[in-house]
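Note that chain A is present in both complexes that follow, paired respectively with chain B and with chain C.
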Partner chain A sequence: MKRSNLVVALFTAALVALVLKESWSGTRVDGTAILNLLVFALPLAGVYAISAAGLVVVYTTTGIFNFSQGAIGMFMAYVYWELRVHHNIPTLIALPLVVLVAAPALGVGLDRLLMRRLERQPLVIQLMVTVGLMLTFMGLAATIWDQNGIHVMPTFFGSGGVHIGQVILTWQRLTTIVVAIVLAVALRYLLFRTRLGVSMRAVVDNRELAALAGARPDLVSGFSWALGCSLAAIAGILIAPDTGMAVAGSLSLIVINAFVAAIVGRLRSLPLTYVGALLLAVAIQFSQQFLTLGQRWAQAPLALPAIMLFVVLLLLPQAKLQFGRIGAVHRIERVSSVRDTALGMSVLVAVMAGVGWLLTRSGPNPNLNRLAAAMAAALIVLSLVPLTGWAGQVSLAPLAFAGFGAVAYSKWGGAHGSLLAIVLATLITIPIGAIISIPALRLQGLYLALATLAFASMAEYVIFTQPELLGSQGAHVERLKIFGLNFAGDHVFLVLITAVFGLTSVGVVALRRSPFGRRLVAMRDSEAASATIGVSILETKVVVFMLSAAIAGFAGAFLAQQLGSLTSSNFQMLLGLPLVLALVIGGVASVAGALFAGVFGFILIYVKDTWHLSLWRSLEILGPGLTALGIIKNPSGAVVPIGDAFAPLLPWRKDAKARAAVEKARIALPEVGELGLTRPFTATDIVAIERELGVADDLNPHRAPLVNADRLRNAPTVAPSSEAALGTP
Partner chain B sequence: MALLEASGVSVRFGGLLALDDATLSVEAGRITGLIGPNGAGKTTLFNVITGLQHPTAGRVMIDDRDITEAKPHRRARLGIARTFQRLEAFGSLSARDNVLVAAEMRRRWAKDDMSPADITQEMLEHVGIVAIAEETVDSLPTGTARLVELARALATKPRVLLLDEPSSGLNEDETDALGRLLLLLASEGLGILLVEHDMPFVMGTCTHIDVLDFGRVIARGGPAEIQGDAAVQAAYLGTNAGAGA
Partner chain C sequence: MKRTGWLALAVALSLTIAACGGSGKGGDSLGGATTTTKSGTDCTGKTLTASEVGVSPTTITVTVIADVGSPLSPGLFQGSMDGVKAWAAYANANGGVACRKIVVKQADSKLNADEAKNAITAACADSTVLLGTTALFLNDMRGAEACKDKAGVATGIPDLAVLQTEPVEQCSAISFAVIPNGGSCPYSGKGVRTFHAVTPAIEWFKKNVSPDLHGIFVVPNDLPSTITSSTSLFTAIEQDGVKQDAEFGISGIATQSGYTPIVQAIKSHSATWVMNGADFSGTLKMRKEAAVQGVTGVKVWACSLQCYAPNFIKQGGAQVEGQYSWLQLLPFEDKGSNPSLDAFLKYDTAPDAFGEQAFSAGLLFQQAIEAIVAKSGPNAITRSALLTQIRTVHAFDAGGMIVKTDVAGKTPSNCIAIVQVKSGAWVRVDPVKKGTFDCTEPGGITTITLDPLKAYHPG
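Take a look at the complex of A and B:
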């Protein structure tokens, strides 16, 4: 055993001992108590394991980590409820309809429509599309099944059970345990004894080689998604009676528990995944049955998966450096100059000042504060531009880091706000960022994304709930009053926060144009090559993560002022996800993308507030989800095409004009490279090509055309084929 | 004393012994060829030397200093640079920025204070890619992108340069120019280790050649010796003698 592992083990043991000493409820540990623990823990473990198995199967065969696994399970549980309860269809018909028909159909559909196009996309796109799906399913479910109504999932075989001593194991729980075991055996058989399973394992190792050897990657990925969705559905239906059916509740968030189990199995091993699920379930049940938690730690059990994840991350061995992926899709990067950014941001501040003036002419207007909220959101996601956009490291916790900044500002801001408090808000997040990121950054990119999500949930349940931070009633925050200026009014505050966003953006762009900025992009493109020119990968990643945390903390100080009063619910993990998603939709590698995210947020808040419809209330969740599907078509984000169309109109952008002219000329010419590959030759093409070559009839009437157009028209055309067909012999 | 030395290096991937007690040295001012059939372990040996692959056994030394446990970026700072067989250029940066990143890193350990911009320009000219310096590397043909990698490696001003099939993707004239550049660099004292499939290129530039087959060095010597070596011919033609039990 390595010494570092020993340290982690000792530390964990000490932590557990401390918790036991402080919170032991005094329950006697006898046979009955242990039996009672197992009766609850085993079925829970079963559900986690089933859900985690779905994650592992999909991840190993397609390389996509499905954040929507829990939400798909939730959605399928609703579909089952609809059939079983609402339409009173017998279980024996409803269950197969959901598990064997609806769920696999959904899986195949997702694979065909979305997932296959994600194969060579950057990690952040892959992750955010599944996050978008998660929000979409949550939004859809909330729209279809009114959340004010009561949905009760029936248990299997009624409410009775087996008596073991004084403990009852309900039929539902027994069913869950049995199903989990049967599935474990079946999956093992599938992967090791069937041709399809062997293909699945082969595809994991090398997609192209497996295809050469006769496996069919497309079939395999479709099947994996179908299986993953079925497993999600089974887990959802089995756990729903215990968790209830709230759309944004633990039914959807079971994915976090599942991914902790999956990571114990290193995202590969199903047996270890089952072990992980069991450990987690026992820990959760133990905390509920043997511990009495004070007010302060009341929500701590909800953070157990996150805590366990961090322990596991510390134990995993360091990953090898990543080589650049062959054929990886690089985002189009137009790095605007510092001057252009400064100019654009000045215009933005002027526009905001003007809009604010127009809005306040007829008295106070709620839109001022909504715009300020939009700018606060833009400022928060700006923290991800260096980290995720340039360095390619995905963080899902910008809102949690902003939360630390906000709390710091509310503590030290005093009655008149203070610049020092803003500085402290910025600095305090730096060590937190370092502690969170170092264990995860040693590993592959996915682990950082998971660790930050776990951190966000930990912050929500055990950190922001501490009474010292925000008090039990929430904290009141004053806006800045400095240099004789009072920013308390909504109009001046809007101008202030816009100006702060503008200045920070200019700083961020300047950073991208510095040696450090170049190094980040280089590292994203190829870690291996960066290391061989002397870049310390871990150091660079940690520095950029701390920088990102600092920007988020800084943004938090302004978010606090915008909100005016803070409660722990302002920084829920789930609220942070649409923010990140909106940035990715806008374009993760540009400050304009961050602004886009802010504007997007404003529109959603506005729509939701204006029409008090359940559909619109859901749109806050649904909107980003649906749009996420759009980013697959354009991984550079929405602002790139917008900018491309807009830039040539600006008188000083001669470069953009030139580029637009080249582009226009290119479109006018036939794309010879694509002819015959992506579309068949047409007679028009032949004429155009001949004209290009100077051999067209009308140019040279005495020469016969090189190619007889008539003959070609009747010849069998080359079928449009994908690059894949060309790429593989 | 050799500048760079790898001795007794073995790498095992599961049941496959990719390198088996391989020993090799690079001298300053000399171009050493490393040839062998596909899968002989050439790239794996490069990865071991540059620290991207930890060996199961064996040592890597530079200036008689053991760097077997050193991280890749430490080795770069000690003067080892390389290019990659499967391109590892920074695809979304311009060719100039690719080289500039390396020149900027060099500042951290270099004792002189040459400006990174000057070094970059010098290397772009050296390799002959000034004309495409502002293009994004993703949009360049493979051969040209390899030259960008070469310029990038040179921008750290290494003492040992490992080249993994630099001529693939280049036409005859470009290959000739590359050969002349390598000879020039060697004459300035750079130690070069060259993996290459283009035999005339290897025979024309290398003064010393190591032949690797099934992870073991089966022959070493000057170009003439290697061309006449029975074991080498067997390895390339695939007779039993070469596969050697």
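Take a look at the complex of A and C:
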């Protein structure tokens, strides 16, 4: 065992021993108690395992980690309820209709319409599209099936069961266990004994090579999504009678527990995935049966999956530098100049001041506070622009870091609106960022993203709930008071927070244009290449994590001022995901994307509250999810086309149209490998490659933008070879 | 989703309400008078003016803030909105209030503290009063308290609430619940607090079901506020003589199988008493699991107001048979026994317990306004006058629809009605007579002092 793993294992063991010592309920551990524990845990483990198996199958064959696995299961459970209960269709017809027809059809549809376009997209985009899907399915279900109505899911084989020890294992739960085992055997057979399974495993190892050897990656991909959705449907239908069928309840959120099982299996091994599911279920039931977690640890049981996920991730082997293969496609984003950013932000502050003035003309107006909330959100996600947008390190915990800043602000002077409290809030999150960067140094990509997700959940349930931080009923804070100025009023605070966002944005853009900013982008594009030219990957990651944490902590201080009153529920892990989603919709690599992320939520609420139409209500439910699906069409984010459309209107950006045309024609180097294989190889591409390699004579768009654009427009197309285009040998 | 915390929170809040009430016998200017009669204000020959924010010569605007539009739990407290609208329709159909029509503005707080704050800001600008407030996460009353009236004075906007979750609302000088919370004020939000818990049902159970009840208490542990409200009530119940065999903590979104260890504890302790502080869906899952595991020995499946929900019996069927629930308002099954209840049921097409309390809040407002008009005329309606008037109300009962409540004193009542699920329907068991409450149980209010979070010891 490596030393780092040993340290993690020893630390975990010590922690478990401490928890056991402090919280042991005194319940006697005997054969009966252990038998009961297993009987309690096995059905849960079965559901986790089935759901996790779906995750693993899809991930291993397509590389996409599906956050919407639970929501798809929930949606399919509702479809089954609709057929079985509402339309009284017999189980033997309704069940195959859902599991073997509707769910696979959904999977194939998702694959064809969305997921294939996600291949080779940056991880954060892949993840956020599935988060968008999750919200879409939850919104759809809430729209179609009245959540105040009666949705009782019938159990299989009635209400009886078998006696095991003192417990009755119901037929439904026994069915769950049996189905989980049968599926394990069937999946094993499928993957190792069928041609399709061999193709699936081959595609996992090397998609291109598998295609050359006769596998059909597209078919495999479609089949995997169909299988994944069927497994989600089975898990959803099996657990539905236990859940009360709440759309936003455990029926959808089972996916968080499935993450743990899937990660134990390292997203590859189905047997280990099943072991992970069993371990988690036992841990959950054990905590309930044998531990007394009261007072400050009252909510700790809710964090159990996150804690386990975090520990397992820490025990994973260190990621190696990737040589000789091309990862995600990152188009080099346009970066505004510091001067342009400062100018734009000045306009933004003036606009907000004007809008605020208009809103306050007729008395107190809640939209002022909503706009301030939008700016606070923008400031929080701005912390992700250098970290995720430029350095490529995916963090799903911006709100948790902001939470630390907010708590620090409330503890150290926020009650009096002290400037020092803002400084301390910023400083305190820096070491926290450094601590969290430890897994970042060991983990990459998805594992890192999940580690931050687990961290956010632990912060929510274990850290922010400590009474010393926010008290049991929350903490009140005041807005900034400095040099005789009081920013308590909504209007003046809106101007303040907008100005703060503007200044921070200017700083972030300046950073991007600095050598450090270029190092971040180089590291994102290729850690191996960066390392070979002398970039210290370790140092760069730690610094960017600390920087991001500092910005988030700083933002947290302003979020606290905007909220006025803080409780642990302000910093829920699941509230952070839509923030990241909104940033990705806007554009994860630009400060304008962060602004978009903040304003996006405001617009949805404003529209709904201004025009009381049922259409808007549906839009509020479905809007974020559906918009997220649009990311696929424009991975750079919404601000790019918006900017392209409006920039020429600005007097100092008259050349924007020509510059945009040149940018659009650029090609990302990783795409070169696709030319002639999966897409036509055109003269346009040759021009683009020349530009990327620096061998074209019209590189400078300022020197000859129109000539360049004309050349690109007039470039002839060369037909790809038919066999290469089909991707078959 | 921790947004799912609302599930358990809703329950615990309902518990808090049910655990508290008002029974002050002090005199008051309204004297608990029935307000369901036709408006008697005579404005003939008087020119009505816009005397306050939200008051025009022809209308009075009120705002109801409730969590109804949370995207994933739409309609959670729609009952409160419907209840205020039903009262407005009823009042307008009977000549309005102070010769003006009532206009209801609805503000959706979306299970979000910030949206609750925004709703208050909007109401401050256009409404005279907040009626039927049911915002679970309303944890900042500074905006409401600093709200300026038409004269520019920060009198605050009166808040006649249905649910008061947070101490800041419970203890605010401008906030009054039609069925008050029993927590002492002022309270900083942490540490020891005194609670006046409504526990007359315990005496009744001991006398009529079993004198030596003992069993299991289940605390929803999603939020500190859910733990607080449950542990304070459970401690009071223990103090009144129900022995605790074990206490469990569970999430409001736990699955039915999550209740299996709890049900095993019920069996192993041969519990005769079981109470879950979660919302009715938590009790529902627990009852279903108990049925699956063959639990038969429980004599009292206890629940306060939260189980008295339309869907509880519809979803639970035979598995919730025997469930008790104690109320501080008349059950809908009493229709025909009380004019206020009949008016509520006439104007509210989807009645629930929150709606009934919201309707009562409307009646309280109407009663206070009519008292102001009677004293100073129809142009004397101001927020300040309203607050002054409300602070004299020590025995309000919404025409007998709710228990007699010391609104101003924020003190609970010892009166209740106990209902039980029998043959798939809620049936009164105490008192049996429709339209009445039982105020006879000794020790109906149990006073306890504790730090609720420290009192929580699951396992």
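Of note:
As a convention for this text, the second predicted complex is superposed on the first by the 627 of 729 C-alpha atoms of A that agree within 3 Å, B and C clash if a C-alpha of one lies under 4 Å from a C-alpha of the other, contacts with A are read in each partner's own complex, and residues count from 1 in each chain.
Just so we're on the same page, a residue touches a chain if its C-beta (ideal position, glycine included) is under 8 Å from a C-beta of that chain, and two chains touch if they have at least 3 such contacts.
Nothing here was measured: the structure is a model prediction, and the numbers come from that model.
Per the definitions stated earlier, placing chain B and chain C onto a shared chain A by superposition produces no clash, and the two fit side by side. Of the two partner chains, neither chain B nor chain C is touched by A:Val260. Within the superposed three-chain model, A:Met458 lies out of touch with both chain B and chain C [touch as defined at top]. Contacts of A:Leu187 after superposition: neither chain B nor chain C is touched. When the two complexes are overlaid on their common chain A, residue A:Met352 makes contact with neither chain B nor chain C. Once chain A of one complex is fitted onto chain A of the other, the partner contacts of A:Ile234 are absent, as it touches neither chain B nor chain C.
In the superposition on chain A, A:Asn369 makes contact with chain C only, while chain B stays out of contact range. When the two complexes are overlaid, the chain among chain B and chain C that reaches more residues of chain A is C. No C-alpha atom of chain B lies closer than 38 Å to one of chain C in the superposed arrangement. No residue of chain A lies in contact with both chain B in one complex and chain C in the other. Interface residues of chain A facing chain C in the complex, by the touch rule stated above, are 23, 25, 27, 36, 39-40, 43-44, 138-139, 142, 146-148, 150, 152, 159, 161, 166-168, 170, 173, 239, 241-244, 246-250, 252-253, 285, 288-296, 298-299, 301-302, 362-370, 373, 460, 465, 467, 471-476, 490, 562-565, 567-570, 572-575, 605, 608, 617, 620-621.
Here chain A touches chain B in the complex through residues 320-321, 323-324, 326, 328, 330-331, 333, 515, 518-519, 521-522, 524-526, 528-537, going by the rule given at the top. Listing the residues of chain C that touch chain A in their complex gives 1-5, 7, 69, 71-75, 78, 113-115, 117-119, 121-122, 124-126, 137, 139-140, 142, 147, 166-168, 188-190, 221-225, 227-228, 248-251, 253-258, 260-261, 264, 267-268, 281, 284-285, 291-294, 311, 314-315, 452-454, 456-459.
Chain contact summary for the complex, chain B toward chain A: residues 50-53, 71-73, 75-77, 80-82, 84, 86-93, 97-98, 100-102, 104-106, 108-109, 116, 138, 149, 152-153, 155-156.
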